[in-house]
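Read from first to last, the chains carry the letters A, B, C and D; within each, the first residue is number 1.
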Amino acid sequence: MVPVSYYLALAAILFALGALGVLIRRNAIIIFMSIELMLNAANLLFVAFARSFESLDGQIYVFFVIAVAAAEVAVGLALIVTIFRTKHSIDIDELSSMKG
Amino acid sequence: MQIETALLIEWVVKSTILIFALLTGFAYTTFYERRLLALIQVRIGPNRTGPFGFLQPAADGLKLIFKEELIPANAYKFVFILAPILTVIPALIIMAVVPWGGAIELFGRQIALGLTDINVAILYLLSVASISVYGIVLAGWSSDNKYAMMGGLRSSAQMLSYELSLGLAFVVPILLAGSMSLNQIIEAQRGVWFIFYQPIAALVFYIAMLAEVNRAPFDMPEAEQELTAGYHTEYSGMKFSLFFMGEYMKMIAVSAIFATLFLGGYRGPFVDTYPLLGPLYLFLKVFLSLGLMIWIRATLPRLRYDRLMAFGWKILLPLSILNVFVTAVIIVVFGL
Amino acid sequence: MTADLILFFGLAAVAIGAALGMLLSKNAVYSALFLILNFATVAVFFLLLGAPFIAMAQVAVYAGAIMVLFLFVIMLLGAEQLLTSHKSGWQRPIAILLTLVLLVESIYLIFGRGRLLSQVAPVASDYASPEAIGELLFSRYLLPFEVTSILLLVAMVGVIVLIKKPKANN
Amino acid sequence: MNYFDLVPWIVFLPVLGLLLNILIGKRLGERGSSLVAFLASGGAFVVSVLQWLSLSAHPEAHIVKFAEWINIGALQVPWAFRVDTLSVTMMLVVSGVGTLIHIYAAGYMHYDVRYKGDPAAYQRFFIYLNLFIAAMMILVSGDSYLMLFVGWEGVGLCSFLLIGFWFNKNPDGSSGMENSNAAKKAFIANRVGDLGLLLAMFAIFTLMGSLSFDTVFARAEFINPSYILAITLFMLIGVAGKSAQLPLYVWLPDAMAGPTPVSALIHAATMVTAGVYLVARSAPLYSLAPAAQTTVAVVGALTALFAATIAVGQNDIKKVLAYSTISQLGFMVAAVGLGAFVAGMFHLVTHAFFKALLFLGSGSVILALERAHHPIDGDHEQHHEEPKKGHAFDPQDMRIMGGLRKVIPTTYRVYLIGALALAGLPPLAGFFSKDEILTDALHANPLVYALLTAAAFLTAFYMGRQVLLVFFGEPRSHAAEEAVESPPIMTWPLIVLAGLSILGGLINFPGLHGLTNWLEHTLGHEFAHATEFNLTVALTSTLLALLAIYLAWTLYGREPLKAKAADPLAKRLGSLFTALQNKWWVDEFYGWLIIRPYQRFAAFLADVVDWRFWHDWVHDSLIARGFRGLAVFLANPVDLGVIDGLANGLATGARGLASSLSILQTGYVRNYALMVFFGVVSMLAYLIFFS
């Protein structure tokens, strides 16, 4: 049997990669995907712990995370489309008009 | 490990049989369609190759294999090749959870006719159905062709829209049988088929199913007249035939699912005594369902794209929600 | 090394590779495809961890709906690649450095204190069956469930309002 | 079968009636609006009868809780109706007599509004009447002192409104302020009394923690008796105000400025008896304070005699009745003060009958003269002119009447019955009730007995004088010759009341003790013992009454008064009669004692304190000038120098700080994300290495 810690480590790596994606990519859609990757890493943690503690609650949380992620993606992509209409770009660095 | 090995062999054998059946089925569904269409349109149809034209599919296959493979210059080559494969795979694996008979005794082993029986079978069907859109979308996009792109986008929008109604139509048999396992759903139809309990759900399911496999009158993504065949405009030869194959195998698969959910699956008279009758019954039901699809294609004109979306969102979805609601209330109230 | 471990490390390599591919692809469509691959492998992990329901939901929702939506938007906007490329030079190295620090910290937290979480006894056969999850969802988690449904409705309305083109003023 | 749940309708029916009249009264016309008012009042009477029937079957008290009203900490006062024999007796009297007066008023006000030149006031009158019925019902049906007080104030308001009904006129019909002054006088005198009742209520709540009757009576015996004495004496002040007892009676004679049906209903039959009801209701409290009881009895007896003497010297037909009312109220108060609660309530009921009859009869007389003087035909007005200022004709002056028995025989007969009942001649109602009071007084307190007997003698005398002056002898004016009998709508209620005045004694006929047994359910045997018929007392009072009537006949009957002749009594009594005519100068005394000093004090406050000191000196010199100086100081050095400097300095500093900090705000989301990420990583490191 694979120790649950391995799953945790895998989730940590995926999460770090997602965070890195948010930090280094300028394409808003890819930033969004990186956020999804981080959420997914968190889901993996939840399921791994659920397995470890033999409790279903972790899986229920994953269920909610998936539902919330779906809502978040719908709204986020709508925002990106709206931004694209005015800026004609989805480069996140173009959106810097709030510069101090 | 001994039993595990036997199990492995059993699975391999069953998978091979299934794939072979699907491939053959695909080939002869095209033949079936051409003959039936001809019959409806008062023509003759292919009848020269072999007796009654039975070898026509083989001839077609040979022709497609020897055609030249073309790849557009600006295409995203990797995705362009990947797309047809992505189209076929879901059509093949979706049949994994559909049982095609009871259990038979062979070589001293109890062998279930059906690849696997999992308790989330319906979810599996839904998830596989939902990923089958990728092949079409990616094909449209990677061709670097406006028509293909439009076809791909339309297809993805259409499939996402009708998937909701499809999922809600799935809910009704789950409610009636109290299980997500297809075997148990079939068991629950031992007396009366669900199509008689739930004609509306069956109708919704059938319509959504037509949209999912892009069949007439919902064959918008490949609309020959406006999009010059849509997403597979740039495809030829074997890659084109893969799309072709995917479409017809999906037709067979969804017909089998429809038969399982609403027509009692492999069940029929004497099937408990002679389990081998099961696949035969299933074949008959699939055959009828395919015939209905072809009949619809011959009869109905294609819907306009906006009407198609409006129909999906404004009629089919509310109808299926209402149906699920009413069914659930009836089940709770009468304690069925 | 047992078959389980081989399977795990193989899939983990695929998952990490897909994540890296998503991160480094110049083309957003490829990024999306890599991410789909990553999600698929995670779904398999879910299956291995005894969560078939979640695995199927993962495929159906993430791969089947969310990523299709991503692809749809990318293709609709024609935004596979960014045209300009003005970089802020110092951001990238710092980000990589911080990510590495985070990784080290996480790995230390997971393995460094000698508390290897190994898997205990195999669970019951009806663990994480749809019935069990539904039971829990509609009893203990009923309120969050309803709140989530409201959230989805709000998101739907919000999206419609956002996307609707303002009426042309005469 | 019981109808206790219907009891809120005794309040809501009149309220419904008055709302209808407010909203659509003008459109209903006189007939319609008086019919609405009559139905409202009659409906209340029907409900009261239903309560009586229900209570006959289940005599114990019923409390119908209608709504939550006040719920503040320990103070919990629901709007509850108390249906017991005492309150139902009051309900029957109020709604029964009230309904009869509604019928009478429908005819009377038809003429009155035309003589006063304002026919539009007709509806207003019935709105007030219904409001009065509603308030009186709240008073008698309330289950707590607070609900009683609500009704108490409500009837006070109605009294004020109705006394000042012709608020822009004088009693003789000319324009002026006298009617509204009379209304104000009544209101202020009542305020003095209400203060006493309020103090009593505060004391009750402080000592017993509740205002509801049952709780208060249950806890009363555990309270120090001196506190009870204080409470009951405070309550006596309220009684004196509302029931026109010494020394607060002065408002009631002036209250005759209201239309005559009002005098009959409010200032004779119902409202003024509220004080008697209050004492009877508070019987358990008074029984704990014998000193207070004695005080009440003595006050009542003194009032009875004092008012009776004044009544002898009055020439105004309604003033005589007003003082008679005060006197009779004194009888009742004395009775309840002596602990003869049943006798007091008995007299209350019979008095309501014959005093209402007398007032309505006097209204009929007045109207008969008025109609002879200014004939108007039916509804068609012929006289539009305002009565002239200083016009000599006063239809209420008994000196211009005489010989009316021939021209208005119906009024004469019923009036005679009422007068004999008031005089206490057997077998009329007044005889039995007054006799019961006298019998009880003889047993309890001989002094009170003596005072009451003297008052009874005078009562018979002044009623004899009035009847002889009004109905016998020769007409002393043209109007008296031509007097016109009132229409049936006015005479029928009179006949009914006359019948009640004859038969009213049956309510508590000696030996049967109907009312005693009835009230015993509420008051208990201790306070409602049957009084045996005392032949000596009865004979004495009857003989005295006959003697008084004979005396009156010798003065006024044997030689009928001639027109413009002096009163024969004036010759016999001399300056004493002048004193009686001037009401013992009590109003003047009050004016000298209270009003003049008060006015001087007010003038002093206005001129010296307010104007010269407060306005001229404090405001103008001190505050205005000082403020101006302070403002100049604050504006120039403080505001421009210190505050502006501070604000500008802060702004400059903030701008500098902000411009140096704004470098951090790059506008790039990813920079912010990086900072957040750095924070997360640092916190994680801190947690790992330092915890």
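By our rule, a contact is a pair of C-beta atoms (placed from the backbone, for glycine too) under 8 Å apart; a residue touches a chain by one contact, two chains touch by 3 or more.
Since the model is a prediction, treat every value here as computed from it, not as a measurement.
For the interfaces C-D and A-D, the C-beta contact count is higher for A-D. Rounded to whole angstrom units, the spacing between the C-alpha centres of chain A and chain B is 33.
For the pair chain C and chain D, the distance between mean C-alpha positions equals 84 Å. Mean C-alpha position of chain B lies 94 Å from that of chain D. Note: centroid distance chain A to chain D, computed from Cα atoms, is 82 Å. Multi-chain contact residues of chain C (touching two or more other chains): 53, 57, 65, 69, 76, 88, 91, 95, 98, 102. Residue positions of chain A with contacts to 2 or more other chains are 19, 23-24, 26, 93. Residue positions of chain B touching 2 or more other chains: there are none. Chain contact topology: the protein chains form a pattern that is neither a line, a ring, a star nor a complete graph. Chain B contributes residues 76, 79, 118-120, 123-124, 126-131, 133-134, 137-138, 141, 149, 152-153, 156-157, 160, 163, 180 to its touches with chain C in the complex.
Residue ranges of chain A in contact with chain D, taken from their complex: 19, 22-24, 26, 31, 92-93, 95-100.
Taken together, the chain C residues at the contact with chain B in this complex read 27, 29-30, 33, 36, 52-53, 56-57, 59-60, 63-65, 68-69, 71-72, 75-76, 129-130. Those residues of chain C that touch chain A in the complex are listed here as 4-5, 8, 12, 15-16, 19-20, 22-23, 28, 31-32, 35, 38-39, 42, 45-46, 48-51, 53-54, 57-58, 61-62, 65-66, 69-70, 73-74, 76-77, 79, 82-84, 86, 88, 91-92, 95-96, 98-99, 102-103, 106-107, 110-111, 116-120, 123, 127-128, 132-133, 136-137, 141, 144-145, 148, 151-152, 154-156, 158-159, 162-163.
By the touch criterion given at the top, residues 658, 661-670, 673-674, 677 of chain D touch chain A in their complex.
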